[in-house]
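Next come the structures, one after another.
Below, chain A partners chain B and then partners chain C, in two separate complexes.
For the complex of A and B:
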């Protein structure tokens, strides 16, 4: 048995309100849900925290439902529940595609959308989808609720605009007009973390978002503007390859990532062209 | 080591992080709903495992796989990577496959946990286990109980899965020997065996 996780206290909230009060009252309390990222860090000894708040039993954070013009997806929605949800399938099929690419079934049954957002890895599979869908993050605290556009949520590598007393309650996704597209490139089909991941929407103003090519998930406004203005996909690809800032790391190289990002842009454009069947 | 004591029993009896309730003075029960399970203190827990209620005392840090193996002595579930990548520790939680290394024992309270031992019918192999034997669906065997549980979970969702569904269903289980072709064939056979009431 490993002993890296030698000190761990688990706080069980009675309700969401109780959880938010606990977050207000205790500095350093770390929320825990599916544990698919957190336990890796704990096992590696990379996480100094010792007190954790167990959000998993809070059912109201598991809800997926249309609310007026937006689709609300609770922070505790698992990848499996996204895949099964008729609302998500109909309104945000690129999120279903992304959820299917996360880990394997065991991780999909446990990992949560809120966790993917909170973990804040630039390689998070669902994050380009949320950026391309222009989703809003709903944050809760003991003093109230606030909404932050997903594209303004990250300040830098794994840093967010969240205050220490806040929890992610869920996301709101507006109606997405146009054809949705998603592709993840990794070492193998399942279990691998992405080398490059892209979500995009083919609309009069196309939207393109990428992961693993910058310190955070990014939209690429110059590339989008070129496509909107009628530039050829080759011209747009050249712009994209200078607009992103990939690095060499254990999973890939900057040069490969830049090249693959360009390839993905070409595939997006080809596969979402008018008259092509929706994938 | 004392004669007549197996290595496993010996290892279990010294220094394990979990203890079955019989062996430990009852720790203060932490009621669900207000509680803090403090680091280092044992918490009494009732787990529903393979159809039986099992009392166990665990520290909050204890993962489900540690509780199952070291606490309950159900060593069919294998620890592999302990970081959610390999699938050796796959168990069913309320019928769905999950990694037992990615879950605290405390969180499993109230859920039905099924391990590979739970697929046995007395001394007879369950359908999935039987199919793995018939199709020689392993080489070293370390990943096998996890693969078996992933197939069991898949068949509870899809009684007659396509090859693509089988590949998807087993995507979270790695086999370093590369027995995948036999494993996929065994999954197909298991669906047949289950379908005919085996």
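For the complex of A and C:
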């Protein structure tokens, strides 16, 4: 039990605008929402920050709604709210599948999509979905709003293009043509971090995104090009296995990850073939 | 040796009223509602919090420790190091090689080096960072074979056998001749990887040094008595001034059956500071504390006749012990001694060597020392069956040991329900129509096992009782049971309640149990070796049968009838017909309560409440109480080590497991486990089934998920419950607990153990089921997808005539 009078302070913004001003005015202020990653890092001593900005009460970041041609998902949308949202179920069912794979119920009730993006783990369960859906990240700051394609959002392992004064406001997902597919291979059936996670879309130009096989979530353009060009799935699998660069770690080995990525590609192709029931 | 029938297996008052029913645990509601008090729930006025500084090196000499800055930090009350607690201890009197805090050198990453008591955990943690320790790193031994090959510098100085922790070589009959004459001999290597307990409650201890000079330690331990002894030794405080209490405990599985650093540290810090001190390990620290299942490298040679009869078994086992002895001496014996059932071996030899390594120390985990050899042997037996084209259940039947016999290594076997266990799993799983006949990728496997129900050898040799209890009979109608037994979730307090209520004819709520408090309770040796129900149960019946005649006599004299006409049922004393019409069963309907009028009263017979009966007896005989005890008979083979593994009774288990194997991803899914377990008599079938399911669950987890390992620096590979994987509900197979009752003559009402035996067969049965599913033999645990794929590839390559490639870098 930690009983000390805390050295940590929590700043409560009055509004989103206030929150953005606070981010502008104070370097080192760390935004928090569901805290499912942050508490672990704090307890572990991996996070040195002492001042935090509580985004959790900002209702306007919790919105999930169609906005013209895109589906807007606020950064504070929890996994539970993604699972329950009729709009997400209809337009982006692979995100529902991904949200179901995150942690247990408690984590699904607290963890947010924005947090998953900001945390930037290469094993983040929702990230391949956003990459395959060609989503756009909406970033806000005191000076305005900008949009970054999700596939250009990460610069490397847990590093992003975000400026220090910016917050993730949400995600815009365009209409996804074609059949969506998602699969996570974890170390157990639930409450696990993935060995390999894949989201894919079966369309004239198929899109395939993978997690846990590179420093960031990745799309595999060569593999996609091969599939677009009519290559057999076996050929595409060979290309995929050379296109990704997994590592050995406690959860799996590079060789196994490469093998399983190939297996997943085959299953994606088989299970989304014309005539198969939509899942 | 003949078996003893010490208390009989029959109901004391005709028909069982409590035994054999699915009764609630005494602490069930408190645990479910969160009211139960665990060690960490204890908060005393002025209590300090302590934290441990741990070694970053796997093997190093400590040059110096400087705690001056830490002591100056605000809120810090004391810092202690090895020099403050230099006395060695260890669970076994022959291998006392541990100290509470490292003295002179460290032997694994995570070994306690210093401890701080401060006003809160944050201050204590901050102080840890200010302690400067100068280390001189030494060569780290991470491989037991290297430890055995060289020992310069040795892990423990001053030992004449280098890094050998223990070596045992025992032979029974001429194994070489038997194997030379065998029609078929299977020889192979098997590897058990090492797992830990992963109890949900981390270790916790609170120390209090009172103004009366009494040191009290509350600890999440399963061995209060041994902690009591170790505290007296290390702290140099007379044992009668030390009180050890085990509060409600959140799981142990063998992981809390050593004295641990924190118990000495909170005691010392409480004595140093004059304040109560608490220490709660983090999950990470629990992984360093370990004492989990030993990794074993096992070579087995098994010979049989063409008909599948075993003629000889020869085992060579190298055991990775980690940095300290713990129970290692016993483990080294158990690795061989406990294999000699449920099958009869004509000849047997084993050679097992436990090596020290610079890793967290291994110890006992559910099925201590015998789960690993059982895995190897049962897989080898399956291979023998497929080689001889005999059904795997049939080959086991052909080698049955039988009951009331002696094993090749001289262990006395009393009751033995193994043949029925095999019948039950065969029938329940539809084995005959499904084994070998399921589609590719799906398969079934069988395995059997035997385990001790208590051990006849106390950890420190002494002639006193191994289990003892005390009863206090109160005028209110309450009987309080005092027992040193450690209820670690297995339900020993509940069993005590059921047995006393049964013996004295009381309602359940008339019996309360006080346990695991060394000031109040007679000594019991603790919750290990599956001994509590068996030994404490016998001690309880002993105590009840001393006091019961007094109460019966007082009532009989009061009514002026023969004592045989006095019956206690659910807290009511009734007068029986003369002569009793149904001596074997009193016709009492419903739940008669004290004060209520039982049906017998309507028949005009006399009755009174138990409280009234106790008052009559107290008036006549003075204050009522009784003690009871149990000691095993002299058991074991007549050779050095022959008593290790000797138990007053043995339990038997058979599993059938059904698996599916995804040949593309290599993933094994355990679909269902049929568990048949001979527990003698199921005193509470629900608790027995719970132990059987929990055991099988743990076995499946060890086979498919759990792995306790270190990296090349000796640092734990993943000291968290995220990276150390145990199955979630969605990973847990369907479990069918099928109880088999053999009614052991020596057990309380015929009961034997149920908490450890049912784990053993799960692991080999999975390997055997995978063979049935896809034709590969998995001999190296854990059965990860990478290993499955490699084995499938090797099989394909072998079929194609090309040499199999080596398994690439520890595939997970």
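FYI, the second predicted complex is superposed on the first by the 274 of 279 C-alpha atoms of A that agree within 3 Å, B and C clash if a C-alpha of one lies under 4 Å from a C-alpha of the other, contacts with A are read in each partner's own complex, and residues count from 1 in each chain.
Operating definition for what follows: a residue touches a chain if its C-beta (ideal position, glycine included) is under 8 Å from a C-beta of that chain, and two chains touch if they have at least 3 such contacts.
What you see is a predicted model, and the numbers here were worked out from it, not measured in a lab.
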| item | value |
| --- | --- |
| Partner chain in contact with A:248 - chain B first, chain C second, else both or neither | second |
| Chain B versus chain C as contact partner of A:25, first or second or both or neither | neither |
| First (chain B), second (chain C), both or neither touched by A:234 | neither |
| Chain A residues touched - chain C or chain B, whichever exceeds | B |
| Contacts of A:80 with chain B and chain C, given as first, second, both or neither | first |
| Partner chain(s) touched by A:56 [first = chain B, second = chain C, both, neither] | first |
| Touching partner for A:10 - first (chain B), second (chain C), both, neither | first |
| Contacts of A:190 with chain B and chain C, given as first, second, both or neither | both |
| Intersection of the chain A residues that touch chain B with those that touch chain C | 1-3, 104, 189-191 |
| Complex contact set, residues of chain B against chain A | 16-17, 32-40, 59-61, 63, 66, 70, 82-85, 87, 90, 93, 96-99, 101-104, 106-107, 150, 153-154, 168-174 |
| Footprint of chain C on chain A - complex, ascending | 1-4, 104, 185, 187-193, 248, 250-253, 255-256, 259-260, 263, 266-267 |
| Residue ranges of chain A touching chain B (in the complex, touch as defined) | 1-3, 5-12, 14, 34-36, 39-40, 43-44, 50, 54, 56, 80, 100, 103-110, 189-191 |
| Residues of chain C touching chain A in the complex | 40, 49, 119-123, 280, 664-667, 705, 717-718, 722-723, 725, 727-731, 785-786, 789, 808-812 |
